[in-house]
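Next, two complexes with chain A in common: one pairs it with chain B, the other with chain C.
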Partner chain A sequence: MVKILENKMIVPNICTITVFAPEIAGSVKAGQFAILRVDEDGERIPLTVSDWDAERGTITMVYVMVGKTTQKLATLTTNDTLATVVGPLGNPMEIDLFGKVICIGGCYGNASIYPIARALKEKGNRVTSIIEGRSSYMLYWQEKLKTVSDQLIVITRDGSQGKAGHIGNLKSILAAGTPPDRVIVNGCNYLMMRAAQETLPFKIKTIVSLNTLMIDGTGMCGVCRVTVNSSTKFACVDGPHFDAHEVDWDELAQRRKAYLSEEVQTLRSSMAQ
Partner chain B sequence: MSLQITIDGRSLSVEKGQTLLQVARENGIDIPTLCDFPGLPSHGSCRMCVVEIEGRSNTPTACTTLAEDGMVVQTNSPIVQAQRIELLKLLLSEHTSSCLICTEKSHCDECMVTLRKAGVTTGCRSCSMDGACALQDLVERFGITEIGYPVRYRMLPVQKQDPFFDRDYNLCILCERCVRVCEENHFSSTLTLAGRGTDAIVSTAFGRTHIEAGCSFCGACVEVCPTGTLSEKTRKWDGKPEREVSTTCPLCSLGCQIDLLVKNDMVIGSLPAHASGSDMLCVKGRFGITELVNHPTRLGHPIAVNREGSLPVSWEQAIEAAAEKISSCAPGKYGMLISADCSNETLYVARKFVREAARSNHLRTSSTALYGDGLPVLQRLYGLAQPLSVLSEADIILCLGFDGTYAQSVVDVGLHRAKKHGAKLVTLNANEHSLSKAADEWLRPEPGEEADVIEMLVENTRMGEQQNRLSPIASQAQRVSDMLLKSRQAIILLGPAFLTHPDNLFLLKAVERLVAQTAAQLIILPDSANLAGAFRTGIITPATTAGLQDLEVLHLVGETVPPHLPDQPFILYQNIYPPRRDLPAGLILPAAAFTEEDGTFLDHAGRTRSIQRAVPAPGEALPSWQILCRIARKLGVAGFDYENAAQVRAEYETTGFTGADFAISVPGLLQPGLDVFQWVRREDHAYMGFPLGTLVAGFRRLYPE
Partner chain C sequence: MSEEPKPKPKIDLNRREMPKQEEHVRSHNFLEVALGYTAELAMAEARRCLQCKKPFCIADCPVQIKIPEFIQAIADGDFAAGVRILKERNSLPSVCGRVCPQEEQCEKHCALTKRGGTIAVGRLERFLGDWEAAQPEMALPELSSPTGKKVAIIGGGPAGLTAAADLIKAGHQVVIYEALHKMGGVLYYGIPEFRLPKAIVDREVDYLRRLGVEMHTDFVVGKTRSMDSILEEFDAVFVATGAGLPWFMEMSGNNFNGVYSANEYLTRINLMKGYAYPKNDTPIKRHRKVAVLGGGNVAMDCARTALRLGAEATIVYRRSRTELPARLEEIENAEEEGVKFHYLTLPVRTIGDDRFNVTALECLKMELGEPDASGRRSPVPIPGSEFILPFDSVIHAIGNSPNPLIPQTTPGLTIGRKGNIVIDSETGKTSKERVWAGGDIATGAATVISAMGAARKAASSIHEFLMS
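This part shows the complex of A and B:
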């Protein structure tokens, strides 16, 4: 049983949850994730650990309500418990002195990119963070990101804050000024794939953190299979960070949809919540 | 008197009293609208329909402006177009509009599959109305690519605590279609506009839940909402239906006409069939059907059950085994129980099957127990039954045991409408119910004393005007009797609760006399969908030659397994859901639901209503009558070669039934302890023997066990 310290919707459909998990808080590194279960017989969902406090023993994760389990998770409040939280899982993000790094986050990635930017900054990199959302009211953690970035660029679909449009803006950002030595992207498949397309002509090393379906998160089930550079990898143990220019994006999108009808089936209920 | 006006250069002659919008619509001139909805009073709030009128400096709204002789109107001038665009942009600035103007929206459609399941809508791609939204249409029509105003999200919590539909007022455009449809067409005041200015929002009074606010869950508001604000819980992820199939709701005897919404060969929703004149449904037909017919437990394959366990078998094997059991059964040891939820075609074939294929007299339905002792009177009364539409002829309506809080709320609306047109409403009910407040007189006896009050009415109307009644209810009954005697046309409406009342024999006899004395028209509203069909086919008879004890084969068609079988017969279980308890030994034969077969019902007034096959049945499931035909053919019995439901119907319609074949009196049949029908609960809301609450999650909230 893991105690929830805080669980709330911060922007429409996106929630943060902070739980008491001292072991994870004491050892987690930027880019690692945890797998949690709402109840004993519940679905297992992988969430990136987006912030932690080793002293207080707490970890914070951000999730999007996109199905039965996440919607159920959202109904819990302070002092409720989760059945299990297992972590840290996956490899940490490679952190080194690269020079100039652009960190891009969309959706839950506004948060999951934060510890990565922080670690890079601590290493002495020049960090530009780009966050992206549908509208100004979909953005969050801007202040936190500012503290670990030399520059924060905001893109909104409707132009209500920062640049108008989508990740297509990346081209003009890359073209202006000195090109970065590395780009790191966290967000939906679409954002990561499109960012990779934009950096390819510039030949900039681009790392993405894949959010495949997962069950065990320890390399046993194979649900998280991805094709990278023509060979099969398990996102949970070989990743989740991969070279974006080597990922088979079409296959990834297909596999993401594999259980869509089952996922919808569980939501098809007239029950009051 | 007709007027002459000019719209967009066309000279039109117009009836006095028409609005400019009505005139334009009738003449094929397309004025954009948002808050207007056909059949609802004009509201004039969205200002999408502004027009220019020669000689006026302002731009009035076409939906609220009456045509006047000589008017010259422009519906499409640059001025009004510009106004509409600005107004729309303002609306969009308070809506989750980013997808509407996003440059990548076409890719997004393909890529963001998982977002469709979002718990809170943040844009069109995660909205239940994507593709059917009035805002999307207008943005397209006006070619809007930017909003130009500061955007705002209201950050209101999405209301999910009611069953059947969610409410996300972050998406609301305040057109108040929902408020108006609830108030005007459904005589309910569940919804209102709360707050002022920029904080104004549609809500229930005092922010109560819909259940607390007295909502009947008719779903009218959900249907008229032009945005994704009100969304059906079970249909959020399906998008637009591919086709619609008109059919009949089988969840009570009203026989409401519904349009099934179908996508990927699945029923994803049901709406009133407006084209057939049905303007509303109650919660059962509106929100119950998708979960009912798509229930994950639906049977798709025959299964053989014995002491060792259960084994899937082919239809061939199942039919052979069934035929084998029936043919080796001793005479009179086969019995069939069949639900009055079955179509006429199934009831008819079943009757023929029992007699000619199984050579037995034991054919019964659980309705026999449900309607108990009152059945013979009920059957007589059915000869007088009138359709609901006669309500409009009444000047007094006496409702006996009717409650339209949720189920049959359609009738409630009809009663309110009649009252609005001057009819007096009298209700007899021991408990709080949907007419408690609306009725002119509420006769409220102690529970169990309902029949006495009817008896008073019978006496009073027989004796003529009387004086001085002792008890309050007696003097009230006197008043009502006087009203009945003075009335031009009285209507007596018999609700489900009285039909299945423990005292129904007495009650119904009293009603029979009251009808005769007051020349009232009678409306009978049982919950069983095809009770009239069951009467006509002689399936329902008050008694039979024996109980169902000592059977070797018990054939259940659309009925559940009785819990205390006096012995252990072989059970042929034919239904759309698996049995609720284990069978000792038998065969499970998967049947089609009403959305998967053609057929007919007889409604509360004995009119034929048809059901249409809209989707394929799961797996190998077959219409019930076809299963019976296959067994009969296997038994080598002639006369079961129908190719389709129409052929069955043709034969059924030319056959006269008396019911007497099966009606031989053994009064002991319904005595406690003796009869397998003891398990029948007075459970009104059921389909094929299964209480709706066990199948439709939202029902458990409306009708807690």
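This part shows the complex of A and C:
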């Protein structure tokens, strides 16, 4: 049983949860995830570890309320417990002195890109962070991101903050200044795919952290199969970070939807209760 | 006093059948298929044992159970004594009595086998394990006095549990680290409820806990903590991390929705209790026509599980029935329940629709050619014999490579060509100091009992090392 220290909604439908998990806090690196299980009958869901404090023994994750499990998770509060928090799983993000790096986050990626930007900055890179959202009220962790970025660019669909537009604006950003040595994108698969399309003509190495279904997260079940550079990879042990220009995005999108009808069904029945 | 001459035993070839659930009933539920002997049946079966002076049954048992002795105890009606004898060598009798391939081991060379009346060693073992569990108090064996040494065991499956039992009895402090949220490894996530009820796994695990074994679930050595950090705290480490990356047949279409590895399919059902969805949260699709590729025990488990979820289940196998590697008992159970078999059929392509769902399997007809290295006649494709079988799900049950997490994250371990940890087969020692390994992580996919046998050897080598 893992104790919840804080669990709150920070913007509509997006929550942060901080739990006491000293072993994970002591070993996690930027880009790794944990698997959570809310209760004994619960499913296992992977969430990126977006911040941690090794001294206090805490890890923080950000989740979007989309299905039954995340809805259930959102009802829990300080001192409640989770049945499982296991990790850190997956490979850490490759952190090196690349030069100029653009870190892009959307949705939960506003948060999960933060430790990556932080590690890159500590390594001496020039970091430009870009966050993207529907409207200014959907953005969060801006102050945190500013502290680890040389520049923070905000894009909103409705223009309520920063540039008006969407990830397609990346093209003009790339064309304007010196092109970055690397682009890293975290967020929904659509955002990552679109970002990859924008960086391809510039031939900029682009790394994405893929969202797949997972069960054990340790390389045993194989539900997280993705096709990268025409070969099958397991996101949990080979990834989750891959070269965006080699990912089969259509397949990924279809595999994500495998249980869509079941997810809707459980959500309906859990809301009816 | 003169001894009375012993009467020559009358040979009874009537191997007592174990009651089973009716096939048309059991194919619709997840309850255990075989119901176990009653005390009367067990005693009748045990009395048939000839009590050979030189028993062949023990020689073929990977953990060297004193088989004639525990059978005699059953014949005498002294079940408690039988349990004591059994547990000297095997800490998981209820499990092994169910899932060991006895026909390849203890029962193979039984003196009565040639005459068609092999003693049902497995059923008797199971009887004792279950009898003990039904008693109000489970007797705990005496432990040796504490040695002050600490052993870490990585992986809570059959190998890990066996080593834990041996080492704690020898007086060492034992801590098991398990990556999943339940102890038991493949006994929990792999073998279905109808063949090995999870309550039995929990019971055997609880027995070890009462012996003093400390257990940490949700702990991934190599990730949560490195092996080297574990080695700082412990005197020895036994790696028993079991199965890893599942294999898929080399063909196109493996990533369509509806295609599963046996590991995923069984884990969804067994560990995550997907059969109780939507009461439990982990979903499982209710497919209509399921193909299972492979012919081993795991393939039978998948097909019989699919059947219980309401599907028509078909085993697609490239050789013929005689070459099926599964236990005969499992094949017969599958056949009785209504699993279909497509023999001499080689899948070459999975076909899907524009929504990425499986719709069919393209196959080739095969014929049997010359015997190969394994002695089995090897299948040869018949050119131009392509045909299409409609399915909405395809499960690959053709095996897996050893779990990659420890090999990937631990410097100093020699890793074999198949991703296995290389060990000395007599001692289980790895190339890294104070580290032993055994079970599927060292050999690749094999049986529960062979993993337990390897664990027992490693435990004895670890004990020797710790006491020297």
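In the analysis below, the second predicted complex is superposed on the first by the 269 of 273 C-alpha atoms of A that agree within 3 Å, B and C clash if a C-alpha of one lies under 4 Å from a C-alpha of the other, contacts with A are read in each partner's own complex, and residues count from 1 in each chain.
Convention: contacts are C-beta pairs under 8 Å (C-beta built on N, C-alpha and C of every residue); 3 or more make two chains touch, one makes a residue touch a chain.
Keep in mind that what you see is a predicted model, and the values were worked out from it rather than measured.
Undergrad: For A:S269, using the defined touch cut-off, is the partner it touches chain B, chain C, both, or neither? Pick first, second, both or neither.
TA: Touch partners of A:S269: chain B and chain C.
Undergrad: For A:P12 in the superposed arrangement: first (chain B), second (chain C), both or neither?
TA: So A:P12 only meets chain B here.
Undergrad: Taking the superposition as given, does A:I215 touch the first partner, chain B, the second, chain C, both, or neither?
TA: Once the two structures are laid over each other on A, A:I215 reaches chain C alone.
Undergrad: So, does A:M65 touch the first partner chain B, the second partner chain C, both, or neither?
TA: first
Undergrad: With both complexes superposed on chain A, which partner does A:C188 reach: first (chain B), second (chain C), both or neither?
TA: Only chain B; A:C188 stays clear of chain C.
Undergrad: Check the residue A:R255 against both partner chains and state whether it touches chain B (first), chain C (second), both, or neither.
TA: second
Undergrad: Quick one: is A:N79 in contact with chain B, with chain C, with both, or with neither? Answer first, second, both or neither.
TA: In the superposition, A:N79 contacts neither chain B nor chain C.
Undergrad: According to the stated criteria, A:G42 is in contact with first (chain B), second (chain C), both, or neither; which is it?
TA: The second partner, chain C, only.
Undergrad: Once the two structures are superposed, pull the chain A residues common to the chain B and chain C interfaces.
TA: In the superposed arrangement, which is not itself an observed complex, chain A uses residues 257, 263, 265, 269 for both chain B and chain C.
Undergrad: With touch defined as at the start, can you tell me which chain A residues reach chain B in the complex?
TA: 9, 12-13, 64-67, 70-71, 74, 134-138, 156-160, 164-166, 168, 188-190, 193, 253, 256-257, 260, 263-265, 267-273
Undergrad: What does chain C use to touch chain A in their complex?
TA: Per the stated touch rule, the residues are 179-181, 189, 217-220, 223-226, 243-246, 248, 254-255, 257, 260-261, 263-264, 267-268, 271-273, 276-283, 285, 355-356, 400, 403-405, 408.
Undergrad: Which residues of chain B touch chain A in their complex?
TA: 96-99, 101-104, 107-108, 111-123, 126, 146-147, 150-153, 155, 160-164, 170, 233-234, 236-237, 287, 290-291, 294, 296, 696-701
Undergrad: Would you tell me which residues of chain A are touching chain C in their complex?
TA: Checking each residue of chain A against chain C gives 23-24, 27, 37, 41-44, 68-69, 83-89, 215-216, 218-223, 225, 227, 232, 234, 237, 251, 254-255, 257-259, 262-263, 265-266, 269.
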